[in-house]
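One structure below.
Just so it is clear, A, B, C and D label the chains in written order, and each chain counts residues from 1 on its own.
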Amino acid sequence: MKEHEHNGNGGPRLKRRPRPKSLERDLANRLRRAEGQLRGLGKMVGEGTYCIDVLQQISAVRRALDKIALILLRDHMETCVADAIAEHGSRAKIAELIGAIDRFLA
Amino acid sequence: MKEHEHNGNGGPRLKRRPRPKSLERDLANRLRRAEGQLRGLGKMVGEGTYCIDVLQQISAVRRALDKIALILLRDHMETCVADAIAEHGSRAKIAELIGAIDRFLA
Amino acid sequence: MKEHEHNGNGGPRLKRRPRPKSLERDLANRLRRAEGQLRGLGKMVGEGTYCIDVLQQISAVRRALDKIALILLRDHMETCVADAIAEHGSRAKIAELIGAIDRFLA
Amino acid sequence: MKEHEHNGNGGPRLKRRPRPKSLERDLANRLRRAEGQLRGLGKMVGEGTYCIDVLQQISAVRRALDKIALILLRDHMETCVADAIAEHGSRAKIAELIGAIDRFLA
């Protein structure tokens, strides 16, 4: 376990500074909306909707996920990365972040 | 309405050749799985999971959607585009498809 | 060697139907412009230009390459894929194309 | 002009902390290599190389540009963003960075 996150009992890694409630709510809403879009996609496929219209809807969900990722990235930089920089432990943190962005680009 | 799809009564555009049942089932399963992943993401955010781990999960859903889009694209080319080529009406069809791919790249 | 392309003497695979001259010229111009953008990027880096401005320029080159790829894809579908469909040899051709699009998404 | 970069005489924005020489050299080499790849692409198109092989080469250049962008992003975070955080001026800096990543995703 690196110093920037913690998991009291060997469980999943937790954020050291909890997300503000308003951010958590915003993310939860966006995820729920994306879930609804996926359900709509299932319906479109079941009803024989024209391929290009289905693809357009998939692009929309993908874009919604990118937006969620950007919101998380911003929060991550403003909290975890900022803390790491203040504590002079930022190199590993930044490398970790670049890895996450790389997975998105690739 | 273009000539390559139809909608009997002004409703949504439908695929002229219906998707094979096996394809429909595969797509439905994949969409349901992606929905489950989104629900899991909501839980992760609610539990304060570390940002990078949430981002990694978002990358996974995004990749799952890309796979679904590729399956649809392949079916679209094997049916709608192939029909259009056989009927010498392919230019508009291919332009439409390129537009859909462009929305994915961009 | 698959049936859809040829290479007289074991050299690189060639397009069976040559590209129209106007398309070739358009692609050559776009590639030359992208090369010029890359040279400009080298200069920006050498002069200590601010990171975000360099990144913006990289996004522009990437977008220019996507555009070139879309032009090639469209030509490929209108010629090679259309020929394969007319000759009932399209499954492998479409699979090959989906693979190429997948490399772009991923 | 924001506080995190400067341009002595109204010219282009410069990085406040210059890039290390080794980083500059690495970036210059990568950009030169990508330029060479583009020249190779021009030759492939002129010689009628098969579309899918050209597309594969475009994917390779695109990937090379992504790698260059990630190297720049990392340097940007380790210098400009870190400085901004130390000086409590990081919100605008992070917003600017998220905008740049957004342009890459989209």
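Here, a contact is a pair of C-beta atoms (placed from the backbone, for glycine too) under 8 Å apart; a residue touches a chain by one contact, two chains touch by 3 or more.
All figures in this text were calculated on a predicted structure; none of them were measured in a lab.
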Set of chains adjacent to subunit A and to subunit B: none
Contact-pair overlap exceeding half with A-B, pair selected from C-D, B-C or A-D: C-D
Computed distance of Cα centres, subunit C from subunit B, in Å: 23
Rounded Å distance, subunit C centre to subunit D centre (Cα mean): 21
Separation of subunit B from subunit D, taking each centre as the mean of its C-alpha atoms, in whole Å: 31
Multi-partner residues of subunit C (each touching 2 or more other chains): 66, 69, 73, 97, 104, 106
Pairwise touch network: line, ring, star, complete, or other: ring
In the complex with subunit C, residue positions of subunit D that touch it: 5, 12-15, 18-19, 24, 27-28, 31-32, 34-35, 38-39, 41-42, 44-56, 58-59, 61-62, 65-66, 68-69, 72-73, 75-76, 80, 96-97, 99-100, 103-104
Partner subunit A, residues of subunit D touching it in the complex: 63, 66, 69-70, 73-74, 77-78, 81-82, 85-86, 90-91, 94-95, 97-98, 101-102, 104-106
